[in-house]
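Presented sequentially are two complexes of subunit A, the first with subunit B as partner and the second with subunit C.
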Partner chain A sequence: MKVVGARLPRYDGVAHVTGRTQFVDDVRVYGMLWAKALRSPHHSALIRKLDTSKAEQMTGVHAVVTSRDVPKNVYGHLEALGIPADEPLLADGDVGYKGQPIALVAAESEEAAAAAAEAIEVEYEEREPLLDIRKAGDPDAPKIHQWGNWYPHFEAGLDRRQIRKGDIERAFADADRIVSGVYRPAAIEHVPMEPQTALVVPEASGRLTIYSCTQALYFSMGVVAAHLQWPLNKLKFVGGTVGGGFGGKVDTATETVSALLALKSGRPVKWRWTREEEFLCSSTRAPWHMEIADAVTSDGWILGRKMLTLHDAGAYARFSPYGLTKHSFHHTGAYTIPNLHFDGYVIFTNRVPTTAMRGFGVTSVSFATELHMTRIAHELGLDPFEVRLRNANRIGDTSPNGVVYTDPSTVPTILAIADAIGHELAADYRAMTRDPRQGELLPEHLLAQVGNPEDH
Partner chain B sequence: MAKHRGRGISAIEYPTGMNQNGDPSQAWIKIKPDGRVDVFSGTSDIGNGSKTIQSQIVAETLGVPYDWITYDNSNTDSSPVCTGTFASRATFVAGNAVLKAARDAREKLLEIASKELEISPDDLDVVEGEVVARGAPQTKISVPEVAAAATWTHGVLITGTGAQLNPYAAIVEPETGKVDLPPHAAISYASCAAEVEVDDETGEVRVERLWQCFDVGRAINPTLVEGQIEGGAVMGLGLAVLEECYPYYPGVEHRGSEFGSYLPPGIENLPQIDTIVIENPSADGPYGAKGISEMANNPQPPAIAAAVFDAVGVWVTELPITPERVLRALERKERGEAGPRRDGKHVVFDEHLSVNSFAHASSPLRFALGA
Partner chain C sequence: MRLTVNGVTREVDSPPLTPLLQVLREELGITSPKAGCQQGGCGACTVLVGDEPRRSCLLPVAALDGAAITTLEGLGGPDRLSAVQTAFYDHYASQCGFCTPGMILAVEGLLRRGEQPNRAEIEEALAGHFCRCTGYVKILAAAEALARGEVQPAVHDPLGQGSPDQPEILVPGSPA
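Our next item is the complex of A and B:
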């Protein structure tokens, strides 16, 4: 093998560093209009009146669209995975977060479009927002979502994602200590180099060419086709290289509405978000609330884990049920814990919907479980490397879902870091491998995990 | 008032491909009359380097130089389905699609070469742009000559198609979370050590060093994977000590709306980063590769938070670890309120943050500490 494994130059690297890579916003076509949005100024409100007539009459304005112009306004990005739809493309009747788009204007300049968007008349009736996920189940909590304050559509009608494994009661009874803690990583912005941008060109053939900054061409094309109720062959997505995504460009934020404006005006339409819109109105990484109680022995075995996760989804579900499920599948981290009791909820709040971001669902649980691991080691007076190595998952162990690990590398990566920082380990830890547990390394509490030791 | 040094570690894992799978990627390849290769894939390159990686996989599999490859992911008319560039899947899932397409094209290339050389395709190999008879390296024909013969002599277009789809793993026991198939394509692993300096007067945490070890399965391009690991480290540093959309979460006041009021890491925040790449090949990744792109920002926050404890003796479990959070934690410690509460064998940290301190007694959203 010569090409694989070689330090070859990046395919498009020279174009990137010499400024020649074309961003979506670099594409300009003749007759192009600019779009601007009317967005909700409230976290939660009913829309009592929406009148676009003044805006439509303004100089340079070619089209205004509201929810009435969308053939299928409510579409779920993950309907195929059994996650039903709740989010309207354009607000219809009420708004669930500050910055939610209500109407879009296409005009001959961004200034004209912005002025017309401001001229749209709206009357709101403000409602009390729900913002603290810890209070979502209180009797006096505002009811903010059609499904209730948390997502109720997991398999078999469960209102939470559950993991159950082994005998958690016995693990807690057998433990020498039960160490619990609370972990709360923050919402953060994706901060892509290029904010959300689309240019939609109506072609003479009747097709739409959509220049998109999506990080998933076919996924976003499917979303536009679903909202428009069009077959895929009437759409051509052009993209391929974009200015960063980190998960936020899976949202298909600009393409569909720009397409509706292009169809209504018969002109190419570009909608490019300002950096301020990107910070305030684009989806974020979710804030998570995680509580862990681990049943441990004095010599550092983790017998069982009980965990509660509250995932702050913002106003709509988007990808959150998927993210929480992934989170639950990885809530033991790089270790084998035989007895588990996990409950996770996707909670709705009146903030910008959260979405995928680098490490979706797992970045949060890695933070919680790893800091907890260090706390356990400190509490027991043990070496944090050795507690990790002891519980590290090994070939033949099983995951929270009961799937056998075939190539875990927890042990080799920990040993490499111990070496790198010059951390001394006792000889039996230094000699550990990722191979199946056997002999003295197969503790009684893991027998059921790895089957009969005679087999190894 | 002093500056304190501390160290902390972490060990993590992360899956490749969409959780529960079911996420297809497809690719096709055509070979031009001079042997140059066009690859059509729907994988958006959002800066992750998938154009480079997939081109390397095709070049390796076909046996031609890297710079013979033209990679086109520009539009949905010419490129087939790729579910997307997320879930750490562009190397593993989409990479397997181009790998299969390249194998298919290679087979067709060898059929034409076989006719030209009058040697069975089974006895031919492609090495650096030449089709060579096994065991008789003088008997050969260049790939450009084969492509020309296909076009002008045999009237054949040399193409290849490939698709990768790991079947959807259904949750068959909703009460326990049991699945009927492995819910991921592969799992990657990493460990990290962080060294910080904490100023107990200002509360500022400065990350001085990060050591990171990633098992990448197989580094298709070591430079790119090191870049991904180092870039991820910077993002993880942002998560750990700098970034937050809602400075008063769960309140929504004072959201940063511009650079300067929202703080992503800048060049002045960068620590010294030591990267160790190890390769335990994945059984079914292209050339053994796994996907590590997302997890690259996962191991730093817990290692940094552990290092802060090592430095000043307080657990800050809300991110980011801002100066305010450090100072408030130090104050709690001084007042003897830092905990944990001990009750029998229970060791209870962070009660001031727990849902149980906020939720109404009748709320279903409470955490039962016991079994």
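Our next item is the complex of A and C:
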């Protein structure tokens, strides 16, 4: 063990502390133009008229692009995983969220580009927006997405991610008590210190060099290539230096449009978002609505869980179906519950599209589950640590989607927390390990779910 | 109009109300001050005017005619780190690196103001400097180590080849 536990110097540490690290905005090329976006001022609207002619004539303006300039405007970030495309790169005919880009200008200064973007003439016909995921299914809710108000393309034609495990009806019939809770973590903006920025340089070879702050370089390369309908070998991506991302820079936010502007103008183009754009227009962590009802025994076993999750995707699917799938796999948290009935929906709203953020889809359910464990303990008059330890994942337990745990860390983690805060535990709990269940920790209701870790 | 930046006096052509940040980055090509928010809220554009940390995004360059500006490039280069740079490097007080130039100059300014600052004074000096990666713990640890006088400027030798005036970095207790 030469490396684990050792304090090694950061390979980029000297560059960071001497100001030599080159972020995208620090790259200097000759003849560079600046890009600015015309963005939707409305949550939901039809675009009745879009006229860029005045902007195109303005001093210092070299290119204006709209949806008509995009070879493949609608592209799905996860088409390779079977999630179909629904999001236009630039709005075409209507807008689904406030801040959605409609047109972009490349000009010789940021000021000139901003003035030209403002000079683009647009007429909107406002529509009633849907902003609350709980109202998406109401009969009078506005219909806001081509597929309906929630994502309908899960496997087997399902309009939800569902998990059915064990015998949920028996679990609820056998319960001493039903403990219910509703949990609603809000949207969170990633706020990377470096705003979304791209610099695209058209090369004499016909290729594009793209300086990108993406967290997912090859992924972004694929997205740009798809929109342009170009082969990958015409794109040279320069990346890896990210001024904070936290999931928000998985989205390919600036590279593609900058590439279109660079191609149209024949000049290098930089698009650097303002802090205001970061807050108003960039993707966020999703808001969630989670309803949990647990069938529990008076001594603290959880026999079964019914759960309904609404995941706010914002205006387009983007990565949300994937996030909800992870959420569903983790919907029992770090605990073993043998009988499950889970329904999760990816709901469309007229908010900014949501995306990955540090534990995509899982932090929401961890938040809900941990609060719910404490709620169960309080309702039963038991120690919250002991309720957790009793139900904690052990080697050989199975996850909601049938994976047998070989290396669960719940028990040692909870014991360490108890130690850290000086929480007294009864001796039998203090002695717990993560080893396979036996004796009192393997009651009848958990027998059927125990698997063989050797098989996995 | 003239600015002295990192000891070099430069003629500046930008219009008088251009923010110093833009003059440094776009006219002079000095890129360590970052355009994090461009409204004085995040601290990433901080430079020293004289010995005073200032938000360069809010300073019209006309107000600085003749002033001496220090950016992070002016503290120490990769082969010879200043004490504050050494502390940040040794304490892992930089993660993505984007807020680091402003953080280091805020601490540099604090130490130039004199006597060993206490924890509250360090926190006050770093108020308004946002970091989204570290949680500030390591940044504060670096600043406190400096305040205690524990950190000296260091010769750094990333390639392990030594530098002409100090060929070896000796570990404490070395027989050499």
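The definition used in the following text is that the second predicted complex is superposed on the first by the 448 of 456 C-alpha atoms of A that agree within 3 Å, B and C clash if a C-alpha of one lies under 4 Å from a C-alpha of the other, contacts with A are read in each partner's own complex, and residues count from 1 in each chain.
Basically, a residue touches a chain if its C-beta (ideal position, glycine included) is under 8 Å from a C-beta of that chain, and two chains touch if they have at least 3 such contacts.
All figures in this text were calculated on a predicted structure; none of them were measured in a lab.
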| item | value |
| --- | --- |
| Touched partner set for A:Arg20, first subunit B, second subunit C, both or neither | second |
| First (subunit B), second (subunit C), both or neither touched by A:Gly244 | both |
| Which superposed partner A:Ala204 touches (first subunit B, second subunit C, both, neither) | neither |
| Which superposed partner A:Arg28 touches (first subunit B, second subunit C, both, neither) | second |
| Touching partner for A:Ala431 - first (subunit B), second (subunit C), both, neither | neither |
| First, second, both or neither for A:Ser180, with subunit B first and subunit C second | first |
| Partner touching more residues of subunit A, whether subunit B or subunit C | B |
| First, second, both or neither for A:Thr413, with subunit B first and subunit C second | first |
| Residues of subunit A contacting subunit B in one complex and subunit C in the other | 9-10, 12-13, 191, 193, 241-246, 275 |
| Residue numbers on subunit C that touch subunit A, as the complex places them | 25, 29, 31-32, 34-39, 41-42, 44, 71-73, 75-78, 81, 85-86, 88-89, 92, 94, 96-101, 104, 130-133, 156, 158 |
| Touching residues on subunit A, where the partner in the complex is subunit C | 9-10, 12-23, 25-26, 28, 190-195, 241-246, 272, 274-275 |
